[in-house]
Amino acid sequence: MPSLIAEANRINDFVVKFANVNGTGSASANSLIMKAIFRMGVPVTGKNYFPSNIQGLPTWYEIRVTREGYAARASHVDIMVAMNAETYAKDIRELRSGGYLIYDSTWPRSALLQRGDITVIAVPLAKLVNENFDGVRNRILLKNIAYAGVLAALLDVDLTVISALLSESYGKKPKLLDSNTRALRLGYDYVKENLTSPLPLRVEHMEKTRGHIMIDGNTAAGLGCVYAGATVGAWYPITPSTSLMDAFKGFCERYRVDAETGERNFAVLQAEDELAAVGMVLGASWNGARAFTPTSGPGISLMNEFIGLGYYAEVPCVIFDVQRVGPSTGMPTRTQQGDILICAYASHGDTRHVLLFPANPEECFYMAVQAFDLAERLQTPVFVLSDLDIGMNDWMCPDLKWDDAYQPDRGKVLSKQEIDGLEKFYRYLDRDDDAIPYRTLPGTSAKGAYFTRGSGHNQYGGYTEDSAEYQVVLDRLKRKFTTATKYVPKPVLIGKGNNSVGIVSIGSCDGAIREALDVLMLQKIEVDYLRIKAFPFNTDVEAFLKSHATIFVVEQNRDAQLKALLTLETAVEKSKLFSILSYSGLPISAHPIVDEIRAKLAEAPRLTAVPR
Amino acid sequence: MPSLIAEANRINDFVVKFANVNGTGSASANSLIMKAIFRMGVPVTGKNYFPSNIQGLPTWYEIRVTREGYAARASHVDIMVAMNAETYAKDIRELRSGGYLIYDSTWPRSALLQRGDITVIAVPLAKLVNENFDGVRNRILLKNIAYAGVLAALLDVDLTVISALLSESYGKKPKLLDSNTRALRLGYDYVKENLTSPLPLRVEHMEKTRGHIMIDGNTAAGLGCVYAGATVGAWYPITPSTSLMDAFKGFCERYRVDAETGERNFAVLQAEDELAAVGMVLGASWNGARAFTPTSGPGISLMNEFIGLGYYAEVPCVIFDVQRVGPSTGMPTRTQQGDILICAYASHGDTRHVLLFPANPEECFYMAVQAFDLAERLQTPVFVLSDLDIGMNDWMCPDLKWDDAYQPDRGKVLSKQEIDGLEKFYRYLDRDDDAIPYRTLPGTSAKGAYFTRGSGHNQYGGYTEDSAEYQVVLDRLKRKFTTATKYVPKPVLIGKGNNSVGIVSIGSCDGAIREALDVLMLQKIEVDYLRIKAFPFNTDVEAFLKSHATIFVVEQNRDAQLKALLTLETAVEKSKLFSILSYSGLPISAHPIVDEIRAKLAEAPRLTAVPR
Amino acid sequence: MSYINKPKVAHPSLPTNSLGLTRRQYEGSMSTLCAGCGHDSVTAAMVEACWGLSMQPEQLVKLSGIGCSSKTTAYFVSGSHGFNSVHGRMPSIASGANAANRSLTYVGISGDGDSLSIGMGQLVHVIRRNVNMLYLIENNGVYGLTKGQFSASADIGTKAKRGETNSSPPIDPVLLALTLGATFVARSFSGDKAQLVPLIQAGMRHNGFALIDVLSPCVTFNDHEGSTKSYGFTREHYHPAVEADFVPRAQEIAVDYPAGEAIPVSLHDGSRVILRKLDPLYDPTDRGAAYNYIENKLKQNEYVTGLIHIDEADNTEFHTLNRTAAMPLNSIPFERLSPGSVALDKLMARYR
Amino acid sequence: MSYINKPKVAHPSLPTNSLGLTRRQYEGSMSTLCAGCGHDSVTAAMVEACWGLSMQPEQLVKLSGIGCSSKTTAYFVSGSHGFNSVHGRMPSIASGANAANRSLTYVGISGDGDSLSIGMGQLVHVIRRNVNMLYLIENNGVYGLTKGQFSASADIGTKAKRGETNSSPPIDPVLLALTLGATFVARSFSGDKAQLVPLIQAGMRHNGFALIDVLSPCVTFNDHEGSTKSYGFTREHYHPAVEADFVPRAQEIAVDYPAGEAIPVSLHDGSRVILRKLDPLYDPTDRGAAYNYIENKLKQNEYVTGLIHIDEADNTEFHTLNRTAAMPLNSIPFERLSPGSVALDKLMARYR
């Protein structure tokens, strides 16, 4: 976005949006184009805007070709591939002035003629496909590949790269390979024969994707759980978290099944609901397995009672909340960061929970591992707050790496020998002065047996209704949260750190903010940016808040939930914090951030960004 | 508490505590004494500290005789009636220096002799009772009445008043009346014949309870629901909220059953769990009945998903949360104010809920009515945050009054005629610019029919996944919360309002704070006190926070949840707020408040309380 | 999803019911389900049934949870209020709504995921509570809306589209309802409208809780070879045992059935159900016998359909038990609900 | 509640089991239930059963929800881990715990409120999932801990202590479990320890989900005239149909039963259950027949007790279905769980 919107000749920097009907198989055509560009060494992002429906409703896919490697949604469309009659009008409106509209000219579309400031590219796709292929379903699918061919020609996408991709997909099904290749050529050749190509907006080989992959956050998180050594996954299906468990299962089938015996070193429990799913995780974790559950907002609401039990009885528990638009059922296929407060303070009574905020799929992988380490070290529920944008969209990330020296931090679990060495085992005693007690696992030793309960208990593990005994445990739990600040990942600072104006944010806002920083820089506005990776906030967060006079808190919800958490859980003065909010359900983009910061700084000159 | 602790001759100002075993029927003896004192015109409070158990564990009852009419728990014991061998040692320790211990001297208790600074009063209760009555169970019950007789003599309680109470209780059962009267006399006469009586701590007739009653908050709230015209109650049993529904049911049996037909103008649904209970309330309210559910912490956690639906689909809903000690199962028979945050922000996504904070049973009655008015006016869930102390203990309150001119505020419900007069009915349109839309009831008119959903919807009531349409509704919901500030009850100010130091609190802290104010006044420390009655906070709250330099926020939880809500939802600077917290599970008392305020003011002289 | 409204202009020649309404006037929003989804056939049956009953649109209340199936309520009778609640919790909404106004007709539409997994507790208890409503499960053996996971009604050995085999035993809502003492239990097939429509009508008129388990194939995720909930498999294995004709109150029974073959059952409101046993061994009025019959057939992979069990005599409907006033609770004048100041003053004596 | 610990000094003359442990060593904390509560008899039976099985204390895991009944787990075998979870959700804790370590013995203790109301969904699904555990319901027809409200197992017409009459039909956990295909279903009475102990032992050794519904009177809230769950009523109306003797693996069967009268059933671990039919008409191995028998007796107000149904052959226990490794999942070395860097590097190719 930085500077180029008005530029005519935009190599490797433009946005193509595909408007389609869901359930018609357009996904493979869209990702074919995206992957081809990626393999040409050009950074891309793909954002999928799909309905909460299985078949027949409008769906969009947006490919951003971004030589700068920006990860955020762009807020304009350069090329619209308008394949859905129902949304034609809306889709055309969305196109920027000077943009290109590609449509299926098999049927005349008079409405198309209404904008003079765009270039309309007509391709008789249905006609071409129907003349060359049989079968209703087949024709629908191949029409998508045909428009991929059209785009390939218009954007100058390397045909050999596309062919390679097709071969990889259909290599074992020669008939399909043949029809797909032919369909692709239909579109490609039509353009080459009938239209001027390539467009000024086009792709050129680069070298910027080497050592990178295209992956979605749920896949990465599922893989992270496998690498972390999780053996029990429990869940109840819910968009947009379902694919996390699908991924875990898939990787386990691959890596965790004994080739000879067929024995599985994992168990996936499809629970009857989310209450049961988190109960299973608590049961399994209590019993010494690494266990987790992926869910989304409604699931978190249902898990509240059990989360309180996990907090108070100090049972490890890893919960992935792939956030979607709330409240209530909300918009299940749109993204938001609306569960921050409910996760931080889930359940009745005095509770407080550890949160991790991955910013992209890469971090989903690493933070999945960290989540288990933290949950076991701290003996408490840990939430990984991803969202639909991270979880279900394809992001360009550096290759995932694994350090074979990694050993899981199982926390303070006593072995049989250790128990035998004790005079007596007391479950909730603060022996090490770090507010973390020791635990034992069932099956280890009768001497280490204790009784786990969510009702009042004293530090020895006994039942109590005594005020003082109750408070000893509750006070230690509060101190444990302080201990947690030492274990959670530190924030990431971008910028010199010595500006008076700062941005604080979390998770999937990262791409948009980094892009916004570039734009602001071009406008000579320099600000520091701190991306928080975890709650509780550690000293680095406090220091940043303290050292900046004006702080913009960027987040994707209506009620400024991150700002609320900062206000409550740090020493920051409220008057320093300004919210920049996005809660449309679409991933946040850089534009509004830039605009709001500029507006705010202009309105209050004292806020002007200067190095301290 | 103000001044008299050291005073020897304490008329109408002392604390008697009864230590017993639960399930032995001591409650009636304890309340006999309490009621008799009340009828003598002397203010009393009764606090019951009972275990989460049915029979056999220690239980205590504390009667505070308080000529000043203080409502809070005292933090000392003047007279201990030690009837439980298991807790003798602990009970004796609790007695203040100079206090009196009454015990059953049928069996020798050498441990009793260990304190020289108390007066031990030995009465061979079991012996007396066993000599005079038969039957194991009978003897256990009558022993309790016998110690009531002992106390009557020692404290100079009017025997005619006690006799009247017994007649009212057992009037229809002459045998029981006779045995109870005899048991009472056994104790009474033993004291008169063998001991010096009355004690310096004793009761004298006053005139301070006229126009007052002794009632618990759950009874008052249940009665309030009847008067509010609630017709559907749904619940799942949970301590300490169960007696609220018992009361509602009882009053309905009395006032709502047609004498001729036996037809009932109400329905009570014992749900299968709390998720179902709140679902029933939503269903009934949606369908035009006034409906409510009483619950406690774990129930609130389970209701989270449905509460979000109520918020987003704008369905009225009244929830009584009679708070108990959390987290998790916690201490079910102890009191706390630990559900403030979860109720204010219940459910995933951006949500925010209306809360009412009754301070005593009287307010439980009136606020029950207000809750229905607010829920229907605002079309949203409304929480009444009571607690175990208010809900289950007997408080002295002014007589409850009813204004027959009251008409329920059913809010914006369109009649058939009104619907017919519309061109088209749109459910979520802000026609009046107050952010409250109109609703219609099933059965009224096909033209007014609409589809209620917790998924994305536009202001017309249609399904949507469109960002702008979604935001129109979400933004209006936020504005609706501003509208709410105009409808919720205003805070109560005690004090001139012009001091620099203020106290802010809610609910059952009230008694302790009022008492603390008196003590502070004696020490020449004058502070203002604002008792907040509702969230959202209205302008009076803002003004108080603004005009006071130092503000103590008094509440009964570990994490300063009210302070958090004030910090987030008002303009107050954080640095002005100081927490005074009590989370032992026992009702807060005045002492610690006084001590903490004095300590704080001493430590920071700039905070010294001066009139502005 | 209901943002596309169909035009409702009635064609003058379309047949009308006793209210003068055409079938078109019982339609709802345009369906957004997959083309061919079984659930849309249920929608069509609902339209037909309501039209046939001359249902006053505003007298109907439509309730549902979350799922493709739960969207059905948006697709019929747009003149009645609908409540698309949360996943698995429609029964509590229905119980509360029904408590508030006993005079309306309540139809709940759910899915096998919505009812048998997350909603199991509420389903069991709404049956036990005997709330006067029709509860229809659109049973397809999968979670359609979340893309094809097995539901709790999936049979052992059935294959998912992606190849997995289900290994947990199925929960059969019909056996469950019989065990729990439901007084109206039926099963049907979305592909058999002739059977389904009178069952819906009878269920709506039954004075108590009526369950209809409708096998309703998911064409997108569960209509392949190897599935036991596909159209093909269902059509082959469904076994109509009792046909039911619904005869509205006003109507005379035209045909005389030979004795023994037809059992007329009178419903609460004067309408009747005429049962014709297709299998002479079958007795729909004997709950235990019905249970055995169904279970044995299930073992042979046969889904028994029809009005499996009906008991009009055992009247334990919620309001009857509660002795609720005849006037809907939501309409009782406030004066009759609030005891007033005099009563309160008097009551105070109890607390002194 | 378990803060009062009983002294565990073993008297030298007390009989010991094969581990050399006395019965005292299988006790737990002092009970805090009401004197005479049926649940305490279950505690005693659990102690006896575990002692008799020579159960290694740490190999046992005790799970429960919330209620008087759920406190039971604190009162036996203090040498084993206990988990007193939240109300109605013990089955999910049990499922997770069992998934993590298949080698331990799991006993869940619940109440009728805990299992049949708030816990209904989880109960149904833990049965369906066939988790290898003993699930014992201490059934008293009321919510004891919250002071005597009717539970979902209360019979129609039964009277509460305060006089109210229950009007909703009861849910019978035995019929429910049979309908859901449970492979071990028993009923007993807390007052009949001789019957209960071998049932517990067999249930603990059964390779799959075993349900025992124990009628366990609440002396405080439900033991009065007019209650159908009182000691008196239960004693009169309980109807032992199949006696079960449990024979541990090592032990030879001493007595020869006349053919036809006794049915030996071999359990997974080599131990055996010898069933003796007290009613010759009864066949505990036929699920359908068992269902009918129970149901008919229930109609006559008779609670059939004993090992109502057992099916050792139908082995669909959770881990078998899942094909879980024999080594407990919580003990598999990390090296075998984490695929390592080489595999990851290779995997990356898929995402380019």
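We just call them A, B, C and D in the order they show up, numbering each chain from 1.
Following the convention adopted for this analysis, contacts are C-beta pairs under 8 Å (C-beta built on N, C-alpha and C of every residue); 3 or more make two chains touch, one makes a residue touch a chain.
On a predicted model such as this, the values are computed, not experimentally measured, just so you know.
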Chain whose average C-alpha position is farthest from subunit D's own: A
Between B-C and B-D, the pair with more C-beta contacts: B-C
- prompt: How many angstrom between the C-alpha centroids of subunit D and subunit B?
  reply: 40
- prompt: For subunit C and subunit D, what's the span in angstrom between their mean Cα positions?
  reply: 35
Field: subunit A and subunit B: spacing of chain centres that average the CA atoms, whole Å
entry: 45
Statement: Residue ranges of subunit B touching at least 2 other chains are 51-52, 272-273, 298, 305, 309, 328-329, 453-455
- prompt: Using the touch rule from the top of the page, what residues of subunit C touch 2 or more other chains?
  reply: 1, 86, 117-118, 120-121, 124-125, 129, 152
- request: Give every residue of subunit D touching subunit B within the complex, in rising order.
  value: 1, 32-35, 66, 68, 86-88, 117-118, 120, 143-147, 149-150, 152, 220
Query: What part of subunit A is in contact with subunit D in the complex they form?
result: 35, 38-39, 209, 212-215, 223, 226-232, 234, 251, 255-256, 258, 262-269, 271-273, 275-289, 291, 305-306, 309, 399-404, 406-408, 440-455, 458, 462-464
Task: Please name which positions on subunit C make contact with subunit D in the complex.
output: 117-121, 124-125, 128-130, 152, 167-169, 171-172, 175-176, 179-181, 288, 291-292, 295-296, 316, 321
Query: For subunit C, which residues are in contact with subunit B within the complex?
result: 1-3, 56-59, 61, 63, 73-74, 78-86, 89, 91-101, 103-104, 121-122, 124-125, 129, 319, 322-326, 328-332, 334, 336-341, 343-345, 347-348, 351-352
Field: Interfacial residue positions of subunit A with respect to subunit B in the complex
entry: 51-52, 297-298, 300-302, 304-305, 307-309, 311-313, 325-334, 336, 338-339, 341-342, 345-352, 453-456, 465, 467-468, 470-471, 474-475, 478, 557-559, 561, 564, 567-568, 571, 573-575, 583-586
